[in-house]
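To start, the structure under review is shown below, and the notes come after it.
Chain lettering (A, B, C and D) follows the sequence in which the chains are written, and residue indices restart at 1 in each chain.
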Amino acid sequence: MFSFRVLEKYRRGVPILWKRRITQAVAGKLDIGGVYPPIATPFTEKEDIDYEKLDENIDKYSKIPFKGLVVQGSNGEYPYLTAEERLEVVRRVRQVLPKSMLLMAGSGCESTRATVQMTERMAHNGADAVLVVTPCFYRGRMTSQALIHHYTKVADASPVPVVLYSVPANTGLELPVDAIIRLSQHPNIVGLKDSGGDITRIGLIIHKTKLEDFKVLAGSAGFLMPAYSVGAVGGVCALANVLGKEVCELERLCLLGHWEKARELQHRLIEPNTAVTRKYGVAGLKQAMEWFGFHGGATRSPLQPLSVTELEQLRTDFSSNSWL
Amino acid sequence: MFSFRVLEKYRRGVPILWKRRITQAVAGKLDIGGVYPPIATPFTEKEDIDYEKLDENIDKYSKIPFKGLVVQGSNGEYPYLTAEERLEVVRRVRQVLPKSMLLMAGSGCESTRATVQMTERMAHNGADAVLVVTPCFYRGRMTSQALIHHYTKVADASPVPVVLYSVPANTGLELPVDAIIRLSQHPNIVGLKDSGGDITRIGLIIHKTKLEDFKVLAGSAGFLMPAYSVGAVGGVCALANVLGKEVCELERLCLLGHWEKARELQHRLIEPNTAVTRKYGVAGLKQAMEWFGFHGGATRSPLQPLSVTELEQLRTDFSSNSWL
Amino acid sequence: MFSFRVLEKYRRGVPILWKRRITQAVAGKLDIGGVYPPIATPFTEKEDIDYEKLDENIDKYSKIPFKGLVVQGSNGEYPYLTAEERLEVVRRVRQVLPKSMLLMAGSGCESTRATVQMTERMAHNGADAVLVVTPCFYRGRMTSQALIHHYTKVADASPVPVVLYSVPANTGLELPVDAIIRLSQHPNIVGLKDSGGDITRIGLIIHKTKLEDFKVLAGSAGFLMPAYSVGAVGGVCALANVLGKEVCELERLCLLGHWEKARELQHRLIEPNTAVTRKYGVAGLKQAMEWFGFHGGATRSPLQPLSVTELEQLRTDFSSNSWL
Amino acid sequence: MFSFRVLEKYRRGVPILWKRRITQAVAGKLDIGGVYPPIATPFTEKEDIDYEKLDENIDKYSKIPFKGLVVQGSNGEYPYLTAEERLEVVRRVRQVLPKSMLLMAGSGCESTRATVQMTERMAHNGADAVLVVTPCFYRGRMTSQALIHHYTKVADASPVPVVLYSVPANTGLELPVDAIIRLSQHPNIVGLKDSGGDITRIGLIIHKTKLEDFKVLAGSAGFLMPAYSVGAVGGVCALANVLGKEVCELERLCLLGHWEKARELQHRLIEPNTAVTRKYGVAGLKQAMEWFGFHGGATRSPLQPLSVTELEQLRTDFSSNSWL
């Protein structure tokens, strides 16, 4: 599953700058394997984007062995940004981020035409790949057929590779397996970020797409190790905004087959991960970022800051696992 | 419950132009009682807005005893429109719609700041009231507190009255009763459109807000009569785009207390209503509009047209109740 | 909808003993129209059935203008009773209950054969009709076909009329409308108790079965009045164990068409009803019964008594509506 | 995680008879690690238990390196058996099953008192341990507190070790993590069968109970390998009724750390596993058993046999993974 060369990188300490070049040489399609933080968008107290703090975060992330960054995943509060803000964030991140790191930008909108347009613009602003969330408002009519139509139109038009994105906790919709299998055959669709956490489904998707050049990324650090065990190649993990080195260490242990050490580390990451995702969401993530030396900043309304009780519980979820 | 004067309108055949004037005279707040079609947005085959067909629809609706129209409710495909399109549709409808008819415009966006801005612009473009859907992407964090904060900010800033909008089938979120009770006290919040269809909840909301100048509209023709029975004052009904006169007749029978006739009519409307909402959604609604002399037009992608089987079933849902 | 004679009963104060005789004379099938408390099973502190207290409750209920009683609906803790206990409770209730009042006994089990056997035995022990809940453990396979098969077998074998029972809050399963329509044609199936509270569905069921001798009972006092408005003929209401006269008064107002008074009463019953059902369940119901002069007694484990906070809230739900 | 001695068993081909003796020597509590088929109950065409066919199945299962059998898990149609049948099945299986194999019997009932009684009787009839499903009918009131109370009473009274059982697909209820942590401290509670398949939750449970003598079994072959990866010690897998040797081979590969081979095997088991569980349930399982040389027999009503279409699809789910 894991090529000699990738393992070698970790064994010999190959400089991180090489990573992308190596993996691109291996396959025709872009290799998306690795860990990505889906970065938060720091806001000022007045809820404007704080680009300076964003730059500082990117600078720090550049020193962690991430494969790249995801801009405007669910944790980026992208539904709260204007189209102009979405594009400007991509442009700024690309300027600060080293060329060796992949910039995957969330370009999903509700309509197909808006998604196509956003995809083209984000690629123009420097995105190396786009992450396209399932449209969901009319979820009762988002059949496999409708979703295949949507993603095909987007992938046909996109100047950069497309990664599918299924995040039922936010969309109330899971991209169906049959649609994924079909879409995996598209030459410009390179993989899937699956945030649902159904490991049986993830295993099945990997099994049914193994003849294609199609990879699966875990959408959360909570199940990163079991996802590797069934054949995922990395993860887009909110927790990597906070404990980035540790999530990359978990990746390394999995790639090297050090399963017992991986298990111990995985266990200690579950509660902090749940705290910054399902339990307290973006406000929890941003608070934890502050504790670990990153800029979280305010959330944009209607998202509210944590209550005192929630803050205490968030702290406990990190401290009881010896991270604080 | 129903004032003498409203009943009089129906008894004596008061011209529709009087309707709004009368009801506004009764209360300090805007009276929203009555039936509204949440209009569809007709698209051309290329998925552009077909403003001429829209105008023709409005013209026809103007001859039906509606209280007014809702522009950009869920059936208007508003999540598929750009901000500019949303505003232009409001402007066009206001031009064509008689002054006597109320124009309620859906101004909800995910962020509070975007909703405030859209609300102000729609009011400027002629909306008499705004209908504000619950933000929902981060539904796990859309607590009563967050939603109260959101709606208060919007209502404080809005130049026109605000109607709350709870539509769990699309948002995966029900506006909590405690939040509604609290918001009902805001001087610029005049009511609620509830599309969930939980009649116990609707009765409770009416009971708990009866000291406020706050009214409830049923969000569907499927439970319009039982909603009247527990104290609702009207409905925003997708089916009114197709069978507008019939839905208004159901209103009339309820207001006059002709419950047995109302029941018979209500019964015959349930299947057609479900067909153009939960079962076949906007594509079903637009198809049925074509059968009844209105312009439905295409849907915008990713929404797809009905399959042949679905089309047949849609027809049956109307014909088996003697509407086709 | 409501026959002259039924209305006459209320107008002239016809003795309750006549009620059943009258209604049976009208139709071939048993007339199930009216209000029923689904009685609780009082337990001693040691969790044994307290038959004396049960007798005293029945004696009190006999003086309220109920159509009859339901024994071993969900509120009877029937899943916690042995087969022998279930039968003995039916036998005892029949001994104490006046002949003029209908005894409807819950005979549902998971398997068809057990349900057939329990049905026969309950009829032998004096049940006038049986209420058969949907089997639910294998809910993923409880298709319309499986449920039609189940109910047909039971109705074929039953010596007394069968009432279908859909209670999704407990079973996680709604008896599908198409199965109900089909089963309504069975000569020994006389109606449905629907506890789901989806008023659109209730209206549709009544509409689609109107050519059959098939009646619908609301499964809760929370939506009794809107259920009457769309054509239901009564209700099996947990709250009737506590506020029996008041629920019967609501029935009377609906039957006489006094909708405004009915609405006021309906409104005041919603919160107490929710408190003794969805919010606090059987423990809440039993506590409220004690306050209003009936014997609730203990629940059987694993059901637990209310916490102090819950008890306070339960009291508020009654007192804020002026019942305590 | 996996002791030298357990690995040795597989390396040297230690006879299966030793297995239980070895593992019991290691720990004070019963070691439940290993693979178990939750056996089906074969019925005759008249839906009576076919004890002869049951005996023959047990005989065949005795030759597969299972840790033991589970009698009356969800696949045993236990909700369709009478109390007497449940006990008799346990007695018969114990007679046929070699002493070296563990007999875990499902003794859960809705009430605590019935569960205590069934537990005692099953132990008396030869069960080595009991598997106790969450009571669920009043799921809205099955709080952590109520469930802790229930399981504590059962474990206090049980003559044999107790295994907790969480199966939300059937019960609509997940045993909460906080209740599991608390119950893991009970001296007579040895583990959990988790059929929900949420691998993050499984990892967390293992992490939070690691100081206790408490083990977790995967409740399905669909996620057996990832469950091992996060620290589970075995599985109770419906599919083991059909492909028992293959599921044991997956166990062996996981225990030996042959993750790549394990992954390939795991992948091929997902579709057949889903087919005999979520998709087609017990009827699918029984049909597949027939294909692979075991006696499935009829299901008991209301469970229905597969349709022709379902049968074809079931076959495809096996054949497309090269099992048929």
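Details
The definition used in the following text is that a residue touches a chain if its C-beta (ideal position, glycine included) is under 8 Å from a C-beta of that chain, and two chains touch if they have at least 3 such contacts.
Predicted model, so just to flag it, every value in this text is computed and none were measured.
In terms of the stated touch criterion, the partners common to chain A and chain C are B, D, listed by label. Each chain gets one centre point, the mean of its Cα atoms, and the points for chain B and chain D are 52 Å apart.
Note on chain placement: the centre of chain A and the centre of chain D lie 36 Å apart, centres being C-alpha means. Within chain D, contacts with two or more other chains are made by no residue at all.
Taken pair by pair, the chains that touch are A-B, A-D, B-C, C-D.
If you check the complex, the residues on chain C that touch chain D are 47, 74, 79-82, 110-114, 135, 137-143, 145-147, 149-150, 153, 169-170, 172, 278, 280-283, 300-304. Put simply, chain B touches chain C in their complex at residues 1, 197-200, 203-204, 206-207, 210, 220, 222-223, 225-227, 229-231, 257, 259-260, 263, 266-268, 270-271, 273-274.
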